[in-house]
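Got some structures for you, see below.
Note that subunit A is present in both complexes that follow, paired respectively with subunit B and with subunit C.
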Partner chain A sequence: MAINIGPPQAEVRRAQGFALSFNQRRYLAAALLLLPVILLRLFTSFYPFAQTILLAFQEYNPAFPPREYVGLQNFYKLSTDMVVTSSVEFTLIFVFGSTLFQVVLGILVASLLNAKFRLRNLARTINLIPWAIPMVVAAVGWRWLFDGNYGMIPDLLSRIGIEYDWLIDPTGARIAVLIVSIWKSTPFVAVTLLAGLQGVPEELYEAAKVDGANALQSFWRITIPLIMPLMVTIGMYMLVWQLAVFDLPFTMTAGGPGFATSVLAYKIYQEITTLNYGYASAISVVMFGIVGAIGALGLIVFRRVQLSL
Partner chain B sequence: MRAFFRQRGGSIANYVGFVVFAFVVLFPFYWIVMSSFTPRFELFQVPPRYWPANPTLENYPNMIESIPFWEYYANSLIFAGGSTIVSVFASAMAGYALARLKFPGSNAVFFGLILSIALPQVALLVPMYEIFNTFGLNRTYHGLIILMSSLITPFTVWIMVSFVNQIPSEIEEAGYIDGANMFQVITRIVLPAMRPAIATMLIINFIISWNELLYPLVFASRNTKTLSVGLVSLGRASMGVSRPWDLMSALSVLMVIPVIILVIFGQRAIVSGLTRGAVK
Partner chain C sequence: MSEKKGLSRREFLKASGAAAAVAAAPKLYVPPLINRRRQNTVVMRQQPFAWDAINAVLPEFEEATGLTVLLEPGVSSGVDHLTEVTTAYAAGDSPWDVVSDSDESGPVLARAGWLMPLDDVIPQETWDDFPPIMLDALDLWHRYDGATYRIPHEFAIAYFFYRKDIFDERGLQVPTTWEEMLEVGLQLTDRDNGVYATQDSLTRNGLMFVYCAYLACQTNGQIFEFDDGTAMALHLLYNMMHTLKIFPETALNDVYDQQNENYMNDKVMFMRQWPYFQSVAEANTAWYNPDKVAIAVPPAGRPGPGSWWGGWGWTIPTFAPNPDGAKELIKFITSPEIVPRLAEGQSWFNMPRTSILNYFEGKPNPVLEAMGMYAAAGVPRPRPFHARGAEAQTVVDDIASLYLTKQETLLNALKLGKERMADLG
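Moving on to the complex of A and B:
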């Protein structure tokens, strides 16, 4: 720093002796205040991220020692691994499917939470419950609700003549996992969209009413366009965040039947438990790629939405 | 929105919507709570019963005997409590620095933190496990707390930054004018002003950590395992036959009670915290 500073400033500095300027003190304070968070993230996130990428090009299983670089071998292997390709497929279905329903239902729930009626506070409290309970509890409870012999859902359906064993059928199991994910996380989306609804000025609705718009029209023409950027943002957040969901398929279906409900996160976990560290890391790199692609997609959509406003 | 519903013929639509909504949200709880008071032989009947013929409390002591329940409960409290305190205070400091003490690169640090939310936990487990072995952190409380607090830190910093941005900077300037130094301004003026955000994030982060499965599953030993791992292991224990749903529902109820209490008493704080990230 001092090297780049020209003579005048250097003299000023010398004149001040060791007293730090206000800006210098500010930077020092900022560095100290940021230190814990930066250390935590470097240690548990950025460094392991770099390590994972290196590991992806290695044959590494601690039970079978020679650990060596094998180039793209892990990637060739995963491109022909049916469990991986099926997991990629279901990961995308899971992530896009749940996010779509969470955002659409979220805006409806948010409207209810924003409406002026006596039970509004109760509704807001109830809304938080699925978000607040552990995913393991939700997964276990719904697993039992869907149980082919003793579950409430197949029993109620059979009373109206539909005999269906959700968790035996691959498609049924996938739908069941999606339903749980939607049930669990729509409330979170609803709460964030509620913030957007509260930001829409009341006068706009009154003006629309004066102009003869009905409720549906003002919802489509005022509410939706105004909170569209927020919907895209939260949708992006849910897409990326739900890529990492592991506990739901792990607890509810263990990826089954077969590997129908295995997501990438679950497949990686399985490879880790069988000590295929190199292979697990290669699948992780595929996952980073999907995260990056969704992020890029999100940026494009976000630009569109903002331009159209 | 008020106009929206008034036009639709008063608030009847609201109440209908409320009933449907409450039913969809709550019926799984009915099934879990009811099952926890149903004796095992009744649970495994076809067709299923919607109300126990012989309600019982025996599932609870049975469950407590079949896993080290109190140990896991204490571990959950230590894990969630520790992660909450570390993450909230580290993030409050960082949030203040990023919002107020602008320095070259402060935006890059902020966006780097936010982007790191996108790194999936499970994809970093292998290097994490090796690092933890090197430092002797595997199977320890503090290792678990480091992992968990780091995981929830970016979101917490995000909320803190947007909160600090809403505090008028005049109150700090007044402090400096009165001759306070930076340390005094931060501890005497900024910290009290940030109290609502800190309280909110204490609640939210406690709930998130209490619910965590992956880290305790991978990095904990018997001495540090939490209730979520206990619930999973109950389901595993008798995979061959049918799952011990009587025990699992009892544990589920006990796991849910603390977070429901937090939700009931902290609803306003939680909603304001979760929405603050959204409005920015």
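Moving on to the complex of A and C:
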């Protein structure tokens, strides 16, 4: 008589029923490994986002209770708040204006840096210096350059008979902020586009030359179309990135004169510092909507560019 | 067979896991170092310019209590201070036990429940040391719902500093009215050489509010109501800046350091400034002499001379790690025995408290002397109050800036100001 020293057959079958296949074990391990990151991401991104949406419909200032649901009242208030409307206006001017100049100048700088000349690598390195400077440092430096008392720029202009207080005049202050933004980020755009230019086959230019095309025609007919997807990508990136600008106007002009250079992020900051969490959240939701709309627009443009190529 | 190079996947995972465990270990186990430290220490948030004065008295406290006091730097702007502390308090935390709180932050933080009541901390003999003018302001600025949350340690009134040496040299009298100020201003201004009669700092982080409120209290105006007195004050400032050009337009971007530098570079002949400027001027030994920093009663507007006063005070955050130690420290640094020594170390701590006045009797102290002169002339006015102080100040900053940069007419600016104040409630 054979002696059964193993587990009963029923137990073996039950155990086999619960056993995971190799693939299932892999997926489970992957899920367990990913879980901490997913939880962390949910906690740090989704929770604040959901909380912001919730707060946008509440009147909440811890110094002035109670916290209560007010429906769309915060959104109505911001639609009539002239600081918010002015901030939206300058935010859009800033974002589209600076991105346009950054991309256009970026192409020109990238073309220069792509040309063959001595010390080209040095020139490429020097080009990156503005981008490497922290924005707050750059803003303080430029604030002094534009300063009406001690600034180099008003001083140089006064020598040719132009007296102008850049940071006092609303238009001048806006232009000054734009100039700094363009100066600061054009090198980054240029380096990105330079990577694209280096991928354009040299044979195309040689063929165009044989066909009688001049440099400008080659640039328009070959260079621009071939780096267009990259231009759109970097353009969209800069648009969305710069929508959240805060440090530059905060440091350089504190949103002034009046609120000529106030941006949405600065207004949100002001409301948060005075504990108006509900109203600040409502403005944040509007800002999220603007970022989303511009991002969606970018995707559409990007797909069209890809399709046309 | 080629020799295997590098790490296998298993080895890599093992090494990564070990590294992560080593990195995470200190985070998982937080030794109670902080708590142990908190039991024996009191952390005080205070502007660095006052550290020397405080450090001079702390050894006595530390010896008597066995506690160690650590000083952490604070900021000079009340609005910026509010920004920094709310981040911690809103999270239910406080790195500090004792905080020097501003007029902008104190009332708001007390309403939010983020400050501890201090009524049982201050003995009656300390309150008896305060003058009526400061006690009268307690209800508005330092108390909420019947409890005291902030103990004042400063009496900040803006002074009218002027260049007595230059006034004497040119045979000019100190202006006593706005009209005289404009007349004298025209005589003192030399724009070709960058010399202006007067200036202030008009940036939009509360400094614009300070000067506009200073002018408005000389007209009995209520700055937060954007009333007729406020209109007169803004109109005067506009005239000085744009019509008579005795006040530089660039002041719209100047902060106090620039204003002080302009004064000490002989580019400004008279100005409103806080008492701390006395110490700044004295520290500039190559330039200073008492006639360059004389103090006079400010030129009077319609009802008479005026200058508002306010000040910072000690608080204990609700979430202070060592509230008992904090109470002991506040009791110590507000006592009549200690405050004169603080005032001697830093003019910021000058107050018209009996103990301070007695201590300096017969000793030179230009700020206290000016305080007496201002009190006799009826200059001090209460700081304009609004429960949402920082927001109300921002409205003033915005509206005055719109008008002074010619983006709005005076009438429109006042209308906008009233609307925004109405929104605040």
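The rule is short, and it goes like this: the second predicted complex is superposed on the first by the 268 of 309 C-alpha atoms of A that agree within 3 Å, B and C clash if a C-alpha of one lies under 4 Å from a C-alpha of the other, contacts with A are read in each partner's own complex, and residues count from 1 in each chain.
We adopt the following convention: a residue touches a chain if its C-beta (ideal position, glycine included) is under 8 Å from a C-beta of that chain, and two chains touch if they have at least 3 such contacts.
These figures come from a predicted structure and were not determined experimentally.
**Q** Pick one for A:Glu68: touches subunit B only (first), subunit C only (second), both, or neither.
**A** neither
**Q** Looking at A:Asp247 after the superposition, I want to know if it touches subunit B, subunit C, both of them or none. Which is it: first, second, both, neither?
**A** First partner only.
**Q** Taking the superposition as given, does A:Asp169 touch the first partner, subunit B, the second, subunit C, both, or neither?
**A** The second partner, subunit C, only.
**Q** Could you say whether A:Arg25 touches subunit B, subunit C, both of them, or neither, answering first, second, both or neither?
**A** A:Arg25: touches subunit B, not subunit C.
**Q** Who does A:Asn149 touch here: subunit B (first), subunit C (second), both, or neither?
**A** After superposition on chain A, A:Asn149 lies in contact with both partners, subunit B and subunit C.
**Q** Looking only at contacts as defined up top, I'd like to know whether subunit B or subunit C touches more of subunit A.
**A** B
**Q** Which residues of subunit A are in contact with subunit B in one complex and with subunit C in the other?
**A** Residues 143, 149, which sit in both footprints.
**Q** Show me the residue ranges of subunit A that touch subunit B in the complex, using the header's touch definition.
**A** Counting only subunit A, the residues touching subunit B are 25-27, 29-30, 33-34, 36-38, 40-41, 43-49, 51-52, 55, 108-109, 111-112, 114-117, 119, 121, 123-130, 132-138, 140-145, 149-152, 155, 158, 183, 187-188, 191-200, 202, 205-206, 208-209, 214-215, 218-219, 223, 230, 233-234, 240-241, 243-244, 246-247, 250-251, 265, 268-269, 272, 277, 280-281, 284, 287-288, 291, 295.
**Q** Which bits of subunit C are touching subunit A when the two form their complex?
**A** That would be residues 79, 82-83, 86, 90, 108-109, 111-114, 194, 203-205, 248-250, 252-254, 258, 262, 387-388, 390-391, 394, 398, 401-402, 404-405, 407-408, 416, 423 of subunit C.
**Q** Contact residues on subunit A for subunit C in the complex?
**A** Residues 62-64, 77, 81-83, 143, 147-149, 165, 167-170, 253-260, 270, 273-276 of subunit A touch subunit C in their complex.
**Q** Mind pulling up the subunit B residues that touch subunit A in the complex?
**A** These residues of subunit B touch subunit A: 1-5, 7-8, 11, 14-15, 17-18, 21-22, 24-29, 31-32, 35, 43-48, 50, 90-91, 93-94, 96-98, 101, 103, 106, 109, 113, 116-128, 130-131, 146-147, 149-151, 153-154, 157, 182, 186, 207, 210-211, 213-214, 218, 228, 231-232, 235, 243, 245, 248-249, 252, 255-256, 259-260, 262-264, 267, 270-271, 274-279.
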